[in-house]
Structures are given as C-alpha cells and as structure tokens.
Amino acid sequence: MNIEDKDSFAKLDTDRKRRTGFNEVVFCQSKNDDFLLEIFSKLYSLNGEVLGTRASEHQAKLIQKKFPDALYDSISGIIKIEKKDKKSEGLIAVCTAGTADIPVAEEAALTAEFFGTKVKRYYDIGVSGIHRLINVLPEIEKANAVIAIAGMEGALASVIGGLVSVPVIAVPTSVGYGANLGGLSALLTMINSCANGISVVNIDNGYGAAYIATQINRLAVHGSVKQN
Amino acid sequence: MNIEDKDSFAKLDTDRKRRTGFNEVVFCQSKNDDFLLEIFSKLYSLNGEVLGTRASEHQAKLIQKKFPDALYDSISGIIKIEKKDKKSEGLIAVCTAGTADIPVAEEAALTAEFFGTKVKRYYDIGVSGIHRLINVLPEIEKANAVIAIAGMEGALASVIGGLVSVPVIAVPTSVGYGANLGGLSALLTMINSCANGISVVNIDNGYGAAYIATQINRLAVHGSVKQN
Amino acid sequence: MNIEDKDSFAKLDTDRKRRTGFNEVVFCQSKNDDFLLEIFSKLYSLNGEVLGTRASEHQAKLIQKKFPDALYDSISGIIKIEKKDKKSEGLIAVCTAGTADIPVAEEAALTAEFFGTKVKRYYDIGVSGIHRLINVLPEIEKANAVIAIAGMEGALASVIGGLVSVPVIAVPTSVGYGANLGGLSALLTMINSCANGISVVNIDNGYGAAYIATQINRLAVHGSVKQN
Amino acid sequence: MNIEDKDSFAKLDTDRKRRTGFNEVVFCQSKNDDFLLEIFSKLYSLNGEVLGTRASEHQAKLIQKKFPDALYDSISGIIKIEKKDKKSEGLIAVCTAGTADIPVAEEAALTAEFFGTKVKRYYDIGVSGIHRLINVLPEIEKANAVIAIAGMEGALASVIGGLVSVPVIAVPTSVGYGANLGGLSALLTMINSCANGISVVNIDNGYGAAYIATQINRLAVHGSVKQN
Amino acid sequence: MNIEDKDSFAKLDTDRKRRTGFNEVVFCQSKNDDFLLEIFSKLYSLNGEVLGTRASEHQAKLIQKKFPDALYDSISGIIKIEKKDKKSEGLIAVCTAGTADIPVAEEAALTAEFFGTKVKRYYDIGVSGIHRLINVLPEIEKANAVIAIAGMEGALASVIGGLVSVPVIAVPTSVGYGANLGGLSALLTMINSCANGISVVNIDNGYGAAYIATQINRLAVHGSVKQN
Amino acid sequence: MNIEDKDSFAKLDTDRKRRTGFNEVVFCQSKNDDFLLEIFSKLYSLNGEVLGTRASEHQAKLIQKKFPDALYDSISGIIKIEKKDKKSEGLIAVCTAGTADIPVAEEAALTAEFFGTKVKRYYDIGVSGIHRLINVLPEIEKANAVIAIAGMEGALASVIGGLVSVPVIAVPTSVGYGANLGGLSALLTMINSCANGISVVNIDNGYGAAYIATQINRLAVHGSVKQN
Amino acid sequence: MNIEDKDSFAKLDTDRKRRTGFNEVVFCQSKNDDFLLEIFSKLYSLNGEVLGTRASEHQAKLIQKKFPDALYDSISGIIKIEKKDKKSEGLIAVCTAGTADIPVAEEAALTAEFFGTKVKRYYDIGVSGIHRLINVLPEIEKANAVIAIAGMEGALASVIGGLVSVPVIAVPTSVGYGANLGGLSALLTMINSCANGISVVNIDNGYGAAYIATQINRLAVHGSVKQN
Amino acid sequence: MNIEDKDSFAKLDTDRKRRTGFNEVVFCQSKNDDFLLEIFSKLYSLNGEVLGTRASEHQAKLIQKKFPDALYDSISGIIKIEKKDKKSEGLIAVCTAGTADIPVAEEAALTAEFFGTKVKRYYDIGVSGIHRLINVLPEIEKANAVIAIAGMEGALASVIGGLVSVPVIAVPTSVGYGANLGGLSALLTMINSCANGISVVNIDNGYGAAYIATQINRLAVHGSVKQN
C-alpha cells in the first residue's frame, strides 16, 4: 500500500449530516495513532465536536494532548469533544439488568447525550429481583424510548416491553460465562421475546442503541420534519 | 387437565390498551377451533375490532362464518375485523428485497394499517439491483419509520440505513435455501450491519416490526404524551 | 435380527423401584403396537399401574381396548392406568408462560400426579404481562418445587427464581418460530439465568421435570429416608 | 456516569433473605477493588457473614487486609467470612469425573457448607473406570441431593441418576479441549441424559448447583415450612 | 443430461475388492427403481452376492421380484443376496443403549455378518441402569471389536471403553428429541469421551461401524497379510 | 521425531508451476525461524523470487537480514523478493467495505501484483454510504475480476455483483464484534447473496482471492492456453 | 395488499443484459401459477428465450401447455425455452463426487449450456476412489473453469484444485445424512480447502456456479471487452 | 478442600493394565507441579516406565530434574521414561496433510512407540498435491492401521480410506484459521467421509489415535488372546 494515499482510504462522509441528521462518529478500537488523530482533527474542524467510541486509555491520552477539552470515560471508552452550548431535549431511559452491564450502558447514555438527548439511568434492575424494576417503572414510562441492556439475563427487555408504550431497544451484552456464548444466548433470548415493541442490536452495541433511541426521541420532540 | 377450566388458561390482558396503547392481538397458528373462536368473540365484544395473524384458510373460514365482515389475506395469513370509521395517520414504508418476502411484508403492512398507521409498500427492491432502491428513495425518505424485509439477501437494511434519518426495523425472512439456516444467516447479517439506525426483530416477524413502527409513528404524530 | 428374541431387547428394570423409588415409565413414541402392548401388560402385572408418555391417539385406542380403565389426555399424550386408592401428598406448582406451552405442562402435571404428588397449575403467566405472575405468587410460594415452562419467552424461570425459596425446574419448550432454534434459544436463556435456584431439563421434557419435582416433594414430606 | 452515584448501581437486595432464605452472595470476577470492598463491608454489617465466588488472589488479599478472618481457597476462588457458631445439617454429595473438575467441585462444596449444608466429596470417579463409582455408591446414596460435575465426560450424571433416588444436579465443566466447545458438549450430554432425576446448571456453575442442593437439603431436613 | 448415458454415471469400482478386501455395497436410499435394479444385477453377476443398505419396503419388493432369494430386514432396511456357503469368523459385539437404537444396530450386525464376521448382540444396556452392562461384560470382553450405539445417552461408549482391551467404535444415533440436535449431541459426547480406545463414525452409520469392526476382526483372525 | 529428517517433512512441490501456473508461496504464520529461512532459500534458488504471507515483524527482519532486497508490508504481513523485470498485465479491482478491512485487502492486492496482475484499490466504499460505491463504479467495471472484502457488513459483494459483468470473489473478514462470530456471519451473508456471479473464500483469505482473480485475469488476457 | 398491483412487485430488470451480460432467470420454486406464467411470457417476449430453475413437474406442465417447445429436465428441475440457432463456445467441466450429486450438477450444466457455454460432464469421480479422477484429469485440464460438486465428501474440490490451472467453483450439496448438517459440513470443508484456486457458492447452487463459470469462460474466449 | 487429602483425588487405576492392556498415562496440561511429580513417581515405581502428554517446557524440566532419563519432545509435548529393553512390533503409519499438523502427529507416533508399536511417518502428503500421497502409498499399505491427521484439509482421511484395506483413524487438527472453527470443520469433514473404514477421534487427539492403532496392531500381531 502506498502509504501516502492513506487518508484517501477513510472517506469522510461529509454529506451524512444532511442525509441522516447525525455527524460521523469515530470507532476508535484498533485504529492506529496517526490515523486516529487525523480523523479527530478533520471531524473537529468540520463540525466543532467529535464523538469517539471504544477508545483505550492510550488513545484517550493521545487525543487529550491535542484537544485538552476532550472528556474521557474509562468505563465505557467514550471520548468526546463537545460544544459548549449543547442543549438536551426529550427523554430516554437506559436500563441494565446487572452492574456488569454498566460499561455498555454508559456507551449508550453518553452517546445519546452527545446527540442532544436527555437521558435517565436505571441500573441493576434485572428480573431476578423484579421489585427493583417495578419501583422505577413510573419513571421509565415517561421516556420516549427505552434501552434495555442485559447479559446472561436477557429477560429484562421482555418484562419492560410488556409494561411501556414506547419502543424498547434491547442490547445483549457479552457479560456472563459458560453457555452465554459471548452474548449470543442473550441475543437469542431478546430476538425471541414474546413481548411486543422490542427490537435488538448487536452484542455490546450501546452506541447503536443510543443512535436509534435518539432518532425516535427526535421524532417525538419535533414530529416528522421530512413529510412536510 | 380439567377441560372445563380451559378458558382460564388464556388470560386476556384487558389492561393492556391503557398500559401500552395497543389491544391484544391473536396469534392463530396452532390454536384449536373452539379456543380461537372464543378469543375472537371476547376481544370483539371488548374492543369492537380484532386482529389475527398466521391464520390458516381453515381458521379464516371458521371466523368468517361467525363474523362475516372479517377480511382474510391468504398471502400473509392476516384476518381482521376492523371498525368502519378507522383513520390512518403518519407514514411508514414497508420494503422487501425480493418477491418471496412479500408474505412477511403484508403481515407487517396489514398489521400497521390495523393499528391506524398509513403504509406505503416498496417491494422487490433488493440490493442486487441497487437502482430499484435508488429510484424510490425520495418516497421512502418521507416515512417516520422504515421496515426492511429480506431473506437470503439481508443487505437491504444496511443500504437503507445509510440513506435515511429515521429508524429502520429489519426483518430477516426464512426465504432462501442451503446456508440460509432458516433465516438465521439473514438475521446475523442484519445484527452486524455497519449502518446506523437499524434494529432487528425475529425471523419472519412482520407483526412485531409493524408494532414498533407504529409506536414510532405515533410518537412522531402526537409527540410524547406521557411526559406531559 | 432373530425376531423371536425381540422382547429380550427391552430389559424391564424390575429392581428400579427399590433403587430409585419410581416404577418404570413407558416412552410410547415410535414404539410399534405389539411391543407397546406387551410392555404395558408386563408393567401392569408387576405394578398394578402404568404410565405412558407421548402416546398417539392410535396407541391410546390400542391400549384402551385391552385396558378399558386407561385414561388418555390428548393434549399431553399421557396415557395411564392408575390404582384406585392413590393418595397425593405435598404440593408442587406447574407454571407456563403462554397457552402454547400447555401440552408440556400437562405432561408434567399428570406425571407428577401419577407419582403421588399434589399439583397446582398456573398457566399463561409469562413475563410480558408481569402482573399475571405477581397475582398468583402467594399461591406459588406454598409449593415444595416449581416447574417453570416457557418457549420463546424463556424468562419465566428467572423471574420466579428470584421470588421463591424452593427449587425451580425450568423446561424450555419448542414453541415459537424463527430464531427459537426448536427450543434451543429458550434452553440457553434458562441455563444462563442470573436468578438462583434454577436448573434445566431437556426441551419439552415435562416428564423429566415432574420426576425431579416429585423427588424433591417426597424429601420435603418424608425427610431423608435413606440416611437413617 | 456521575461517579458519586456509583453505589446506587449495585442495589443490595436486603429483602432477599426473607423471600428466598439466602443472603446475597458476591460474584467477585471483574469487580473493581473499591466496589468489591464496599459490597463486602455492607453485606458483613448486614449479615455478619459474606460469601464471595470467583475471587482472584489479588482480590483475596484486598479483602483479607480489611477482614483478617476471611478464608480464601485458591483452587475454587471462594472467599468467605463465616460466623463462628455455624452448624451444618443434612447431607449432600459432590462428585467429579476427573481431577480437573475439582475447582468447580470446591466452589460447590464450599458454597454449600457456607449455606449450612453438610457435604461429602467423591472426586475422580468418572465413568471410564466405573468401579470407582460403584465402590462409593453406598455412601452417595445417603445424600439428600447429588451434585455431579464432569467436563469432557459428561456421562457421570447419567450413571449416578440411574442409581440413586434423590435429585442429581449436573454441572458441565469447561475442562477438555477440541470438540468440547468450552463445555457446551458436556452440557448437551447432560441435558439429553436418558436417566431420570437429572437437571442441569450452567457450565462451571458450582455455586448454582450448591444453592439448589441446599434448597433440597433444607426441605429434606425441615419439611415444607411455607405450607403450614 | 443425455439419459442414455445414465449408467456411465455410476462407475462400479470393480477393483475395490483387491484394493480394500471388500466388494461394493449399495446405498439404496433415494436411488430410483431402474437404476437400483441395474446396480444389483451387475454386482450380483460380478460377485455372486450383494448387500444393500437403507432400502425401503418398496425397493425390497422390487429386488425380491427379480432375486427371490434376497432377504430383507424391515427394521434396519438391509437387503441382501448372500452366498450359500458363507462362513463366519472371529467375533464382534454390537451393543445399544436403548431399544430405539436397534435399527442402527441391526444395520451394523447384518452388515458385519454379510462380510463374514461373527456377531453377538447386546441391546438395551445403557448406562442409566449400569448393572445391565456389568452383567454381560464377560461376554463382551471376548470380542475383537465392540460397536457401541447410543442416542440421547451417548455415554455407553465411555463406560465400555474403560472396561475392554479392544477398539470401541462408537455410533451416535439420531434417537431422542429437543437438544439432541438430530444426533449431534451424542456425537459430541462420544468424540469427547475421556475413555481410551474409542473412535466415532457418523450419526446412524451402523454400516460404517461394521466395516471397521470387520477390518479389525480380520486382522485379529488372519494377522497382517500385506506385510509379509 | 528424528530432527535430522526435518526438511523432508516440507515436501517442496517443484512441479507445481508447470501444473498450475503458480510457484509455491510460503504461509509464514507459526513456522519457526530455521525452517522459514530454509524454505525461503530453496524457493529463491529455484524460482528467483519468493512470496510469503502472514509474516510477523520478527520473521520479516530475519528474512531481510539474509535477503536485503525483501520488501515487507507490516499492514498485510506480506514479505516478498521480486524479480526486477516483472511486468503486470490485465486488471483486477480490490474493494473493501471499511478501513478495518485493509490488511486483508493489501494481502490480496500485493499477492496479485506478485503474480503479475495489475491491481486498482477501492477502499472504504461499504454499502452504508452507497454513493461511495456508485462514484467509483465506472472504474471497477473495467476490471477482469473484482475482489470484494467486508467484515461486519458482508453486503458489499451483493451490491457489486448486481452491477458488473465479471466474477466477484467475496472475502469475509473477521472485523467486527459481538454476533460477527469471528467472520462467520459475513461469510454466511456472502454465501447467501442473491446477486449472481459471487463466490466466496475463507475468512480473511486475501491471498486465496488474489490467486483466483489472477487465474481469471490470465484467462482474459491470454485466452485458454491448454485447449489449443 | 391490493392484488391488482401484483405484477408491480416483480420488477423485471430489463437493463440487466447490458449491465451484466446475462438475461434474467426465473427461480420457479414456490412461485404461484399465474405469476410464473406471466414472468415466463414477459421474458419470452423480451428475449426470445427463458431459463427457469427449480421447477416442479406441475410447473413444467403449466409452462409447456403455453410454450410447447419448452424442455423440462425432471432430475435438475430446469425448464427452458431456447433459441434455435444457439451456439456454444469455450469449455467448462462439471464434476461430481457421487451419483447423488447429479441433480445439482445438471442444474449447473444445463444452465451453462443455456448461457452459451460448452460443457463436459464427469460424474461419480469422488476421492474415495481417487483413480476415477486421475483417469479423466487430462480431459478436465482443458476446461476454462471447473465446477466441483460434492456432498458428504466435500474433498473433491481440494484434489482438483491442486491439479489444474483454472478456477474451481465448489458447490457443496445437501446430499448425506447425520452430521452433514444439510450441506453445511461440505461447505465448511470447501471453504477451508488448503488447495488454491477454489471459491465456494451456496449449498446446492448449481445455477450460481454455472453463472460464474460462464463469466470466466467468456473472458477466456473473448478477452476483456470493457477495458478496450 | 482439606489439602492433605489431595492425592486421594487422583485415584490411580492400578487394575487398568490387566483390564485394558495399557498402563495409565499422564495428561500433564494444567496439572500443578507437586501433583505432577507425585503421579510420575507413583506410576514409575508401579510400572518402571511413564508416558506424559501435553507437557510444557517447565513441566519437562521439573520431571527431568527428578528423572534424568526422561526424554522430552518439545514439538509434541510428549515426555517419557522408557524401559531399556523395549521391543516394537507390527507396523502403523502416521500421515499428515501439512507441516503444521506435525505436533499432533508426533504425539501420536511417540505414544504408539511407547506402547510398543512400530511406526512409520508420512508427513505433508495432503490432497492438494495428490502425487505426494500416491508416491508413498505402497509403503502405507503395509501398515496394520493408518492414522490420518489433517487440519483445514480434512480430506486426507477420505483419500487414504479409499486406497487401503486396514482401519484409518482420522484426527482433525485445530490448524487453520477463519471458518476452520478451531478444528470442528475438519472433524465434520472426516465424520462425513464417504470412504469406508474411517473413524474419528477428538480434535488434536494424537494420543487417542495412537492408543486405538496400537490396539489394532496388537490384534494383528497376536490375534484374539481373550477368545481362547
């Protein structure tokens, strides 16, 4: 590979915002240092803000050296440079079954907040202690979308789905051991849910769930812009 | 089993409408005749309308004998008794990759229409002839949610996801042969989609996709009712 | 195969009762007519009662012709010749998520009753309408063991497991479609349950669950006989 | 995540003892140091005893620094602070097929002992040398429940199941290589067992098996408390 | 396809006997009538005897019409025209776990007998009643090779393997239901056996096991012919 | 193993060039140092050029010490000693869905160039931004074969397959996470493609795709040599 | 679904010939009668010839009633209306491992012939009798592409791949039983082939292999048209 | 676990030699140092010789410190203390497809030699260069049993099986990448082999194959001892 052509490989999709309503986000994992810095710089100069997911401590320090305002959350691996005047709107709920699911939950919550969505967190409310969920249900019902995150106990989404009127985006996590099959078992549980209103994203994909929840939240707040 | 207690087994969930905004729907497949008629009768007297999915020709005739107004679509297996004055609102798009995916698409479209959602259909626009999708894109962009249905070619959802600003609900179908694994291959394609805004429901679950699309459509049309 | 030696193939295990506390039971499925009748006759003459599982209508008629007192339940496929003076003891609860799980539930309930265990049934109390389970919980808590039967929604066992103090035997069923993988998805959900006190038997194995629940029930009623 | 709210994430379930008869247990694996110490401290002050599973050497030292009475077993990863006056009751048997299954067996045995159950161990009695099992059978028969632990050779549970009158809780282990599929093969063997009285927990889940065996042992010793 | 060239498609391997010591055998399943008769005729004129496996009742009648001496066993689907003066030599043992495994066992036994091997049958000696196996062990030990056939309970091979000094050829069967995965679970059990001396053939492949057992039996009776 | 016979184990296939038109290539991964150097030396003296794939940095240095002209590409792990006067002919296109697929793409591109094929690269043109592919399509159409490389988004091959008239060799990559199953999901997507003209090689097998593309390119440039 | 719009669902792709060099082909399986006839008629009027795959006897009669010149091959399910003056060019070889693979082979051969490619057939040359392949190798070597079709024995492609200089398109078939997993085992064998020059299409996809072989054959006969 | 009882866990099976003809062998992997040394010492004092498999360099040094005569082969991980006067008898052939399969092959070869079997090695004779196998076939034909070892190319066993008259024990290896599924693909290839006389052991189980080959070799050399 002629290394001079390198940045032609990453074709920044500058039309994306107009088409989809979202700026491009950087999936940091396994990107090399030079390349990562370059993308951050370009996106920052284009949009005045950047969101990176799955960033290591090393990558965070690298970016923070150049962009001292960048905030890094070591639990979720989110790194972001945010605009000062950012407002949040609407409401979504991010729920987890256990404490081990929190890294995925924070990837979801911080992403949604970056996209301008107001977020409330309900962690460790899994179905093996159903009263924990029942207690916070009146709060969860106020959200425009619910993200339900669970690993070995993929059942959380089904129970919530039967109790609320808005879409539930289910995120299986790789948390667990043995026959959890790296999250595949939770994914199958969720896909087979007998409750209505549940759809599923990839294992550990907190980012993806936040994207969809934000799309729904925007529709709830602004209505259908394009139809008019 | 004391057969006299039979109907206690199917606990009709009459509080569901208040809680979730949807009346109960009948999954007809493998229900016996007496039981099916009884559920239809009860739901009709409660709600003045009934939706049944996966109904066989035999079941359709049975129901139509008692409810002559019931409409049956043999392609999707949908049977419904609808209110006269039903209005539709908003807009969703139902898309399929091939003609073989139409039964699932009609399950989705007819369900969404029953739930009061306006539906436009875009069938046989799979990615192996990408111009077919490009041609109808300006229409699809007007929807509040897109249902993307595809079997062996699960790729349709990814392409649409990259082009629109609203949530795409992906429905894998069992259409295909060989390594399609009864739809599991398409499901995995869709779960792994690198496009944003895509979530997935069970194989052939047109009904489930319509439910979610309707939830989103209602939020877009009415905004967040519960938050106020 | 020298067909005259045929019945030597099925070695009736007449010592079983002393060793395990249970008489031999007949798994009728795919046994031919002559062979089935012969086993029923032998077991009847040995024990004065016989339990058969997975019997077809045809097999039921065959057996009832010779044993007019034999009772057949077409939903579960159980056929049994029971002693007149049978008493029942203790209590177990048999629960299902949906109505489609009832055939497996009745296999469990009728088997347990044959083994002398008192049974209460709680059907269609799946987690997508969690109030249904909450309503009957005070009743379920009285049992010495709970059998939790669920197909596409394998989550029922987890929720019950978090609420009761006795063992929960989880039975995945093949009910569902698409990614249910013939019951394997529900099995994986249950094996990965994050609630305590849950163990799992084979898909659709109502009989096996009843056997274990009866073992537990006997220990609760009679204490540890062998230890003395 | 606002880190000050951290401990709200782990909702200690203080009602659990009344509901299920067991205090909460700490799954140490992948919990960070501060969080782990905090949970241990809270549970200790609530209950005067704590059980932790899957603890690393590092975690053990951390806990022992604060609680010098904590006992750590490096083979199983069990760490516990036990009450002085603990009594044990009843009897369960913990059996393994090979020596490599001992870490899981000790997780089971030490957990059951913590819960007040008397335990006897029978290790390395796998079916490839069937005389080893036959020799100890008269001892095993005295237990109220048997835990059968086996990796590549999942067959141990079937053989024991055919010989005893009490429930056998089968624990597949990830021991083995090649087509053992990380324990999934042993799990499938056990789920398909043709012997009666066998139910299965997750791969390597010694803790879960001990919990169930204790439930059964308590019923055998105390009878059905709740029914009265 | 020019249908006149049809029989060129099945290239009879007339050199096979010299190379491998076995004549060609006909796998009847799904072969059409004309083609089947033609192969039987050709092999009969070449070798004076023919063995067919997996033959349906219809195919058996067809062949018996032309070859009245052909013997058909409806349990295993074996059809054979045998030489009058056939002698048998050595000894192999064919064992099954249950009665449902007998069709596969008879395919094995009848094939081995056709190949000139003396066979003893030990059926329904599965490990859930281990005494049944122990009782016949002194007999089984006399064989030059043991075929161990088992479905849901794949454990039979492991137990035998630990008790005898000759090779055990394990045949998983598709007998069972639920998580037996059409025999794959039994196959995995057998492949992972911790006993020595066990190798495995395809699910339900009684024929293949008999072929190998005959190879071993011949070596035991005649020694290594080719080496001299 | 008598270590002196070591090199007899690697039977260099010196007739390969005549038979297949390609010299032997070295798969470096997990080969030890001595062995690797020896093979490189032998192949160099035979052919005056050598291609190695999956070489580590360490292996590259080792080879470059002995062959200073050897070129190493750390992204793909390709190391090669090439003839000075090498000409390239025809044209193939190497396309990737994302930037993370580039290591596999470079393995393909550099291999094809080594084999004398002219290569054009089109990277990061995945279907989630379909305009990127549309823009370069007129260029891609000029190739004699297209290599389509994609990980989580296996859909690239289908879209290209529907647009060009030449064979598309699809290479699934292990890029992705969660339900990507190490590349198996992308492989299944590609095998099930509903577009024509697509065949698939192993996950991450850039080398294999380049080999086939070169075979096709040679046929396009030289016609069928062997037929004349 | 408004049934009047029915034929709008099947968007005939009349630009396909120009873009890809091939007319549209009809996959008959599960298409209903009216729809099938309509597509055949439209394609016939457009192109003067039609190819249908996977046609049942019933469908064949239906088509032949309207198009008496249509030829039907019941082995492969191919039905075609061909132009009188069709010429064939180049050469491909279609090989099978066994006789049971012939239906797939004929789908491939008849399709390739329809597309104007000269075809030679080599059936029943599987690797369990390697001399059969060696004997015809000099013939196979003359082809511009080889289609290697095999079920339980997926090894045929590897052996051919090591012997010829042209691309081998491997087609796994669903032929076999037990652990063949409906063809998936053969597919995995072929994907993992250590021979070069092998790519794989879906299970039983003779049509797809013929399409690719024809693309390659055209390039060999005509060279790269588009590049000039 | 009371650590003083430690060695009671590993129940040395001193009757094994009489029953099976083989002394116990030590599977070293993951055994701790003290335990390993103890087993070696006990077995050495009982039998005057010991075989260990899967030993690490560290373990080898440990054993050699106490038993300076112990020989260690770092490629296969075999460590053995052998009797001086050991004789070898009969003949088996150990074959591999590639050079990467040699570690498994040496585990097989060295084990068989330890058991007193004469071994010839044929490495790197995989089917992608079929002439390599053909060349050594006359030698291989002299063996009493053939061990065929292959990873990504599982086809070697099928080809050999079709050419020899003795049993072929197939060993799949985990060699390969991508869709090799850690050796499972090769295992499936071998289990589905259409050649006769092939049975399969676990992935990478060279030891197990050597055990069976020795059993067969002994029968060929000594005939059936037990029958007399």
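Letters A, B, C, D, E, F, G and H name the chains as they come in the text, with residue numbers starting at 1 for each one.
As a working rule, contacts are C-beta pairs under 8 Å (C-beta built on N, C-alpha and C of every residue); 3 or more make two chains touch, one makes a residue touch a chain.
All values reported here derive from a predicted model rather than from experimental measurement.
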item: Higher-contact pair (C-beta pairs counted), F-H versus D-E; value: D-E
item: Centroid distance [mean C-alpha coordinates] between chain H and chain E, Å; value: 26
item: Geometric centre distance via CA averages, chain H-chain C, whole Å; value: 45
item: Separation of mean Cα positions, chain G and chain B [Å, integer]; value: 36
item: Multi-chain contact sites of chain G, meaning residues that touch two or more partners; value: 129, 162-163, 178-181, 184, 187, 191-192, 196, 202
item: Interchain pairs in contact, sorted by label; value: A-B, A-C, A-D, A-F, B-C, B-F, B-G, C-D, C-E, D-E, D-H, E-G, E-H, F-G, F-H, G-H
item: Touching residues on chain D, where the partner in the complex is chain H; value: 73, 75-76, 99-100, 102, 106, 109-110, 121, 123-125, 129, 131-132, 177-181
item: For the chain H and chain D complex, residues of the former touching the latter; value: 1, 8-11, 13, 15-16, 30-31, 35, 172, 174, 182-184, 187, 202-205
item: Residue ranges of chain B touching chain A (in the complex, touch as defined); value: 19-22, 90-91, 141-142, 144, 162-167, 169, 187, 191-192, 196-202, 208-209, 211-212, 215-216, 219-221, 223-224, 226-227
item: Chain D-facing residues of chain E, complex; value: 97-98, 126-130, 134, 152-155, 158-159, 161-163, 176, 178-181, 184-186, 188-189, 191-196
